[in-house]
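Both of the next two complexes hold chain A, though its partner changes from chain B to chain C.
The block that comes next holds the complex of A and B.
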């Protein structure tokens, strides 16, 4: 009897597992692997573009058949989610966003409706990871950016953009890779406004849309990171140029390594490679007046010497180079601060948060009108550079050439 | 005329009677019929009982010219060593005995003559008396010889077994690079000798019993008195005594008849062809069960960890051994989880893959008609067929099958777009990994479980795999081998036994026997680190 019951149970369990089917199972070839999303404004609606990988074309060992490695689909909807779902009418497979590398926001949307409303889905949907970078398309639409194919070295355009952003962030410092978590935490913070990297198309965008552009060796039209977008709340308020971007990144301690060019006394330039830069931002409130102190400490190497009169073997020369470098960095930082205070009137550096930590009482009193306080905020900038090495040669051969 | 007819009828009746009395005489166990005094009656009885089998040899001789005393030697052709029989039995009896001078006239009394033969004439070592037919028949069938003399109701059993034997060869299933290359053979005597040669301890005891009503297979228990756990020993005795079967043809019969749990994929009895592995087990307090006719010797109690250890682990330096053990655990994990993880990740958790890998896998799957699970099942079953074919088929065809397997299944299936290349890689690495597990029966268990986990992975993804693993772990924790928990020393946890489980410490530091196997005489030795000579 017990045996019989056991068999009944066994049989029903086995049949039940068959009946459940395979919950949320998707085969790899049923996925539209989306590597980049673009969000634009289209009237009152969102226009969403998705760059979908064509795996056979990308992974093929034989170089593929010359078809486009990616396809870009566009759909418009009241909400971002609606637009994405509407895309299924055009894409044969389900849009799969877990491998998203890049989110491009059109300038029109950023300065018009604001980015806030577009971001909720991206932070809510469990399918999406939070490690994609967000950039703003400067003087163009996100859709246009995603349609550019002509990118050498990397078959998937979104990957190229992602990697190029990571590399330039590490070695050039005028860009910043911002993920969705960071962006949202900046959006809700009163004392820190978002700052996103901009992406720009140089050349004729139309000619970059076809696969023919892949066969040319020139990289026109080219996608370039240019400038950084400053936000006030979720609205784009202006662009920092390259120098100012660097300055802003010094303040937010995002500089890993960069090059500082300083003029020689007579002719030519000197390239100083900054490594291991560390920024401390401290603030204080005295008699109800907040004050900021930005101090940058960095090590540097002499990377390139174009001047003939510099004698690197002398201690004085090194000291002089150090002070010149310090000056240059200081000017960049100050330029960024001036721009933010005078033009944008928005605290993109997070000074407010420093004050919050330093004097919570003051902060609670002024947080609602912090941007006004920020405009008047005195900022003292200290830069301390130590030059450690001069590469594998001592003095430049240019020096012997001259003598 | 009538008289002749009546006489004829009577003789026929007699014959029929004798037939009918003799025929049920297919002797049963416990039927101890005493031997008869008349030699020809005995011969008659033996012949009838063995059905006149042609391999039964009866050699009748006369030992004295004067007296007509007859003697018969019985043996089975092929089982007894005829060379020794000629030299040490026939020659003394037929030549030397006649030259010998005895105090009394031995030929008048057959009993005296037989005793004298036993005491003075036969130059062989193992002689015992036989008094009943049951022992007599068994003796003949075991390969020993029996000497019966006319006029005495007992005989001599002379140990003279010697049959064609494979001899001691290298073990085919468990090979090592460093370590003894001897393996057990089919002869139980050789096997016990191989173990004795390794442990010359008077406490190494050997108990033999015959199991199998018809096969009468010799089964020997070996253990070291004073180390072995008496409870376990009693249990083994009890279980062996309980066996009631007509034949034991391999130690696998015994294993299935004495194991703790029949309905489990995991083996709870260890088997090996290696005498050194058995010797090591005995020294740890385990019990070896040897079965005549098979080179596979059983060792109980057997714990899970034991199946993942190879005897070479102790012959190589400890650091090397530990790395190899680590490798083995990785192989075990791949062998168990390889295809199921692949299925789970590619059909449920694509976000776990790095983007370039995902794209590459997706490209390979373009155009593959089956879901990943079916694809994996297809390949796994194909591999199992190939493997099984490789074991069973005649050696000469082996090459052909491997070509068909490698080319057709591997390359052609991928090129035809029936399976993806990645799946072939996964199945191949899984297959190879399963051969890293030193014990073949454990490898098979893992293989069975792999299929189950693939099903779980296909229906519930990683969640299913995790559930499956938990179920397996629970099941394993519930198993016991002769009263010893299967998963010990992990569950129950025993800190001192960890010294030789996942990893092994240097041999100089392994100073106690595994606690859960036996609690007696736990210290193995005392080892001070070797003193370094002074520097000059």
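The block that comes next holds the complex of A and C.
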């Protein structure tokens, strides 16, 4: 019995010493919760900026004390990791990346050194998740983008950018949220080159760095998603403008909903709201010559009518609108393809992957020089639009106004 | 008999499922995708198919001389001295297996959950519970297995149900790109790990109530475990793609990270990891149990419990030195594990059957005679 009691005591003591706490515990007040990271090139080195949440400002019920909800820190290092650790000389806490929403890559880095070297840490570190979006800062540095505070509706700028990217991807279709695992699989794929959304600053960037900018209602400067960055492997090679970006997103089946504006026969425009869109890309190889087929099927509503001559109650009008919309979407898609084939000479649409799936034998022969094949690749575009509804009114009141 | 407990066939089946499930689900898909790319799932199907044949072979051995466990069988068929030498080899096989599993869990925790904690401490704490379980004997191990098994199903179910929205069907194409060779190469890893390792269930065989039921439970358990393995490999390919799966050390953990339903039901991977902790615990416990009982039999000891602590200490050290780095372990798995496991998982079992036939052993003699003195 005594032996038994001794054992019980021993076990309890051992467990007690072990249960007092976690070995690698980190309290919340020791962490600098980072919501956005920016990576720039600075000479041969990386310049990393981190947007860190100021928890007191964000969490307080009474609206805070007017201090900035986030702080942005910058450090330079030989590697990204070194720069992040070096930040501890400026930040009182350790950078914690599990809540990262956004990674901004400076244009200079993207077109100079390439993004590949900067990305490895972000996919390797177990602290980081894979659900943050990656964008490229157009005509500015990532550091500058992260310093802009003047964003209403959301207290944390990075969250706003994240939300805005998701919303615009769903409702506007000229942007695309790309996560790191998608980006890396594009980077290593021979038949699909990366395409990232660009972010741009409009207005004077300096005035956006202070909290005063939070007190104005017109938000200058403003962060906007603009254009999409096309890559050849990990180097930025050029930008698609808004129309071409939309076209590219049609091809990669990333369009959920968007607006197509078509001109009326006399004056004004007509807005068609695409509500559902599905793209099928198929490829075939005949006699050693690859061929692509892009077919878009979409449903749309008439969203806005500025034309006085359009009679929406007639079947023919709808058919005419359908063909005009189809024409417009087709032109966008073709513009994107032309730009990629003629200017960039890089397969940002993943046509190579399609060929890989359809004809692995051909692919294994040509995968090393696919970009050369891609330039010559004939692409047939079919667009089929069905206009179903015209909102809560039939003909526009503008029609009666004219008569 | 060194083990006096008895378990029923259902408990036995649960142990087999947890054993097959174990670290295999966590590590295997990466190896499969590295070998067979997007055909990893076909590789898994082939591997599980052949694996089941091997399990069928083990049930044949299990129902020969059913009242003897593996080491007793070996001594009975090969004679005392050769039997003991072969048993000792098997002991080392089981023991290094246990050390590998311990290292798996240590690596997983230090990579993903507690990066600053030294791996020894994770392993020692984990091993404390394992030693406790093994000291209590087979019956308590099997019963707790039965209690915890529903949790494994629950976590697995969460994963299976919440991932289909993330599927990308095109990830699986083109099918059969590399032909049959890479598929077979991938399937060898499945056959070796975990199916050939399941030979150590022959150590537990005589303690199952009815031998007929044990055969059935062994087979269905392996079938269910193999089914889970196939399902997970299909999921990782569909959700993560072949390339990302092959590059990831723990693809199914990355898979759990992908769970996100309406931006609300997310970041639950640490909870889902519960199923790996439970299943790896059981695989380790069974391996450690088989090693200690086996060693006790080789040394003609009356009971095995006094061996648990020293063997446990050796195992912690062995698990650290067995592979100095993750890279070493990941190159051991696809390259050397298959031929190594082949020796114990196929060569010795076949040899055993052949020798048993030649020496016309019937199993009619009572146990005590073959045991020699002491036991």
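What we mean here is this: the second predicted complex is superposed on the first by the 383 of 403 C-alpha atoms of A that agree within 3 Å, B and C clash if a C-alpha of one lies under 4 Å from a C-alpha of the other, contacts with A are read in each partner's own complex, and residues count from 1 in each chain.
The rule is simple: contacts are C-beta pairs under 8 Å (C-beta built on N, C-alpha and C of every residue); 3 or more make two chains touch, one makes a residue touch a chain.
Just so you know, these numbers come straight off a predicted model, no measurement behind them.
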{"item": "Which superposed partner A:367 touches (first chain B, second chain C, both, neither)", "value": "neither"}
{"item": "Which superposed partner A:129 touches (first chain B, second chain C, both, neither)", "value": "both"}
{"item": "Touching partner for A:188 - first (chain B), second (chain C), both, neither", "value": "second"}
{"item": "Partner chain in contact with A:356 - chain B first, chain C second, else both or neither", "value": "second"}
{"item": "Contacts of A:232 with chain B and chain C, given as first, second, both or neither", "value": "neither"}
{"item": "Contacts of A:35 with chain B and chain C, given as first, second, both or neither", "value": "first"}
{"item": "Greater chain A contact set [chain C / chain B]", "value": "B"}
{"item": "Contacts of A:96 with chain B and chain C, given as first, second, both or neither", "value": "first"}
{"item": "Which superposed partner A:56 touches (first chain B, second chain C, both, neither)", "value": "first"}
{"item": "Overlap of the chain B and chain C footprints on chain A, listed as residue numbers", "value": "22-24, 127, 129"}
{"item": "Touch list for chain C against partner chain A, complex", "value": "111-112, 114-118, 121, 125, 170, 173-174, 177, 240-241, 243-244, 254, 257-258, 260, 267"}
{"item": "Complex contacts: residues of chain B adjacent to chain A", "value": "346-348, 350-351, 355, 358-368, 371-372, 455, 458-461"}
{"item": "Residues of chain A touching chain B in the complex", "value": "17, 20-29, 31, 33, 35, 53, 55-56, 58-60, 96, 98-99, 101, 127, 129, 156, 159"}
{"item": "Residue ranges of chain A touching chain C (in the complex, touch as defined)", "value": "18, 22-24, 126-127, 129-131, 181, 184-185, 188-189, 353, 356-358, 360"}
